[in-house]
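Next up is a structure, given as structure tokens.
Chain lettering (A, B and C) follows the sequence in which the chains are written, and residue indices restart at 1 in each chain.
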Amino acid sequence: MAKPPLTLKSPPGSRNKRLFIAGMLLVLLLIPFLRFVIDGFNYWLHMFLYIFMYIAMASSWNIIGGYTGYTSLGHNFFSATGAYFSGVLLVYFKISPFLTAPFAGLLALVLGLVFGLISLRTRGPAFIISTIALVLLVKISFDNWDYIGGANGLSLPLLDLDVSLVKIPYYYYMLFTAIAAVYTAYRIRHSKFGLGLRAISQDESKAEVAGIPTNTYKILAFAISGLYVGIAGAIWGYYSTYLQPKTLMAILVAAQLVLMTVLGGKGTVAGPVVGAIVFIAAEEYFVSALGSSELNIAAMGLLLAVVLLFFPEGIVGSLKSRGRLPHILDWD
Amino acid sequence: MTQAVQLLIIGISLGGVYALMASGLTLIFGVMRIVNIAHAALMITAAYASYWAFRLYHIDPIVSILISMPTMFVLGMLIYKLFFQRIIDSPRIGELTVLLTFALALILEGILGYFYTNIYRSTNPSYATRAILFDPFYLPQGQFYATLMSLVLIALLWAFLQYTKTGYSIRATMQNRTAAQVVGVNVNRVSMIAFSIGTALAGASGSMMTFLFTFYPGKHWEWVAILLSLIVLGGMGSLLGALVGSIMLAIASAYVSFRLGPTWSPITFFLALFLILLFRPQGLFGHKAEF
Amino acid sequence: MALLELENVTAGYGHGPDILQDLSLTIEAGRSYCIIGPNGAGKSTLMRVICGLLHPRQGKVTYKGEVLNDMRTDEVLRRGISFVPQDRSLFPDMTVMENLRMGGFILSSRKDLHNRVEQVLQTFTILRERSSQRAKTLSGGEQQMLAIGRALVLNPEVIMLDEPSLGLAPKIARQIFEIVRQLKDLGMTVILVEQNARMGLESSDWGCVLDLGTNSFEGPADTVLNDPRIQELYLGKRRESRRESWK
């Protein structure tokens, strides 16, 4: 069994890694300028934005689901409340979601604390069930809440920009959210707090005996994992211009978060990033090759089952345990 | 007063069906320690089978239980072999299988959605819309038959567990897996039987669901959450708990539905779930098990 | 020829590390053995390997010349090896009678089962008094008796007991060890794992010390008991382990 790293310093060779990451970020920052060169660039912006959103959400999910070992199937609760919070402020008070998104994240954090206080009293299956119930509970409430549009949903105005430029602000906002989320996950992974979380996932009773305040840690982890999901939800809601409980709180969204993280490698920093990219690329390919149909749902289920049964460590985890992980992707 | 009694009648007459749905789930949890998220998706699968049997061959949904139960039993065996056999001894089985059955639910939902689309379906045998009147009360006939059938099936399950050798081995595995192994019970086989029986029970309730509720492939998420709240209330793994929890919550939801309107009735289950988790996580009849 | 033989057995759980490493052990018929060793030495794992709950990764387990390696527990039981696991593993919601009848689960004849259970009830009269009580309502000592009685229903040639004195008051523990001695007098081969090394060795013929998954030392029980290394390593901790068992 691999021992947890005792030092919190970067391992040797991290200069290459830093260069790689800095280079990647630079490229991502410059991508929108390509639109002056290439036609039909909005599609690519859209895809990137979509991937950034899922990187942000999956990395956040990983904090509770991967590091701590508490699987949440209700994380779209956070994105939906974030989206509605900023959406309602936009529709009724004309405040831009770009300003309110961070507060949507804070709201998600607080709601995470409250919900965590209740449902983290349970472990294992009971916790998972409570997260599913949470989403359904909130969905029914939103369906019946006329002020926010009820089951019919709420339409939001898009940014008043030329159609060729309009995606760019969202692109940057989502990019920075993703960077912040991954950086947070990275910092937690390399902190005493993160070590405590991993101890909880290994053996909660022993962690408790070792003096780790397991309850506080779990609740904090759950709340923090809500933060960026709330922000990403607010931006996505604004971007998609239409909020509806049925789509925002579909279990499928939560399923995708779990699937991406498991696919990439649960509990690793790079896992959710790799998982989100691979998953969305595969999904996009299937949709273009086979057409969009309900079979996509079945394919997603099949993929999840295969990964769980045969590669439970995910891409990053499997490569790492075989010593084949490219050094630049080893962020643990 | 009349109104309250009427709600009680409606509640109890649905409670039996809920209990049948929950009994399979709680049996599977009791024996295998897994939460079968795909349970309701399996119900819906059987519901489609009964729906088409009714539409194409005019087979009564209650009669089609005779087909759906054995078919679903075999499907349960297949699923067990494909999904669970290789991981049943894994120490992380609880967490792993929740995700696995989640995946199974997605697979079933996708396949059903592909073939039968997301149109709302239901069957309409003659009794579905009739009611038994005994002034001043009434009892919807379909609910009455369904609950009667459910109670019969639950009684059969109980007798099977209580008096047969296989029943003994299932109960032994539920009570203490190691002890069961030590006396020579093949717990792997017992797990497969329990999973298949649970799936068959999901099949029976799916058949009856066709004339009690409308359904479509994605509907199973709501159902599975309802079922989970039923067995969490009763205490996971306890059959008696599933029965009592189902009837209690069915009555409560009939009341909520009457007060606030039918769209709010599912919220009864989810709120109950949170309250139970908050005040009595082991449920009404559960042990303080590892959980 | 030895009755039961382990040759260079290596075993562990799932993808985990090896708990038993290259362990060799010979069990002669009609003897009673006490296996002692620190926590995590693999004592329980050894028993799980013999009775088919865990299959060895390497090496060979033979019983009367037959290889047990890949047998299921019920197959091992049929050959005459019974196991009483730690914590008395009973069926808590079944009655004492039902627990005993479960002990004969692999028997196909009802009459055989009835006779065997009767025999056990004659040995443990207290169980007859309690026969319609649920197992979880019994006291710790009675539960241990029931667990041993349940294993005796099959009238085994070899009986393995994993820490039968765990969690029992000293007086009750002594009664259990008395039963263990009787089992040997009845002609059974007894394998006992004990934290309470002194009491365990005192009621056995042969002692084995298991450390870090291998058999590091063995000999006649009184030799082991009086060996200075053992005295220092295990028996010095006697009070401590006792105190633990008080909890």
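FYI, a residue touches a chain if its C-beta (ideal position, glycine included) is under 8 Å from a C-beta of that chain, and two chains touch if they have at least 3 such contacts.
Source: prediction; values computed, not measured.
Shared contact partners of chain A and chain B do not exist in this assembly.
Summarising the inter-chain contacts, the pair of chains with the most C-beta pairs in contact is A-B.
Here B is the chain whose Cα centre lies closest to the centre of all protein Cα atoms. Averaging Cα atoms per chain gives one point for each, and the point farthest from that of chain B is the centre of C. Centre-to-centre separation between chain A and chain B, using Cα means, comes to 32 Å.
With centres taken as mean Cα positions, chain C sits 51 Å from chain A.
Here the spacing of chain B and chain C, counted between their Cα centres, is 41 Å. Partner chain A is touched in their complex by these residues of chain B: 29, 34-35, 37, 83, 86-87, 94-96, 98-100, 102-114, 117-118, 217, 221-222, 224-225, 228-229, 232, 236, 263-264, 266-267, 269-271, 273-274, 277-278, 281, 290-291. Residue ranges on chain B touching chain C, taken from their complex, read 89-91, 165, 168-169, 171-172, 175-176, 178-186. Interface residues of chain C facing chain B in the complex, by the touch rule stated above, are 13-14, 51, 53, 72-74, 77-78, 82-85, 89-94, 98, 102-103, 105-106, 150-151.
On the side of chain A, the complex with chain B involves touching residues 69, 71, 73, 118-119, 121-126, 128-130, 132-134, 136-137, 140-141, 143-144, 251-252, 255, 258, 262, 293-302, 304-305, 308-309, 312.
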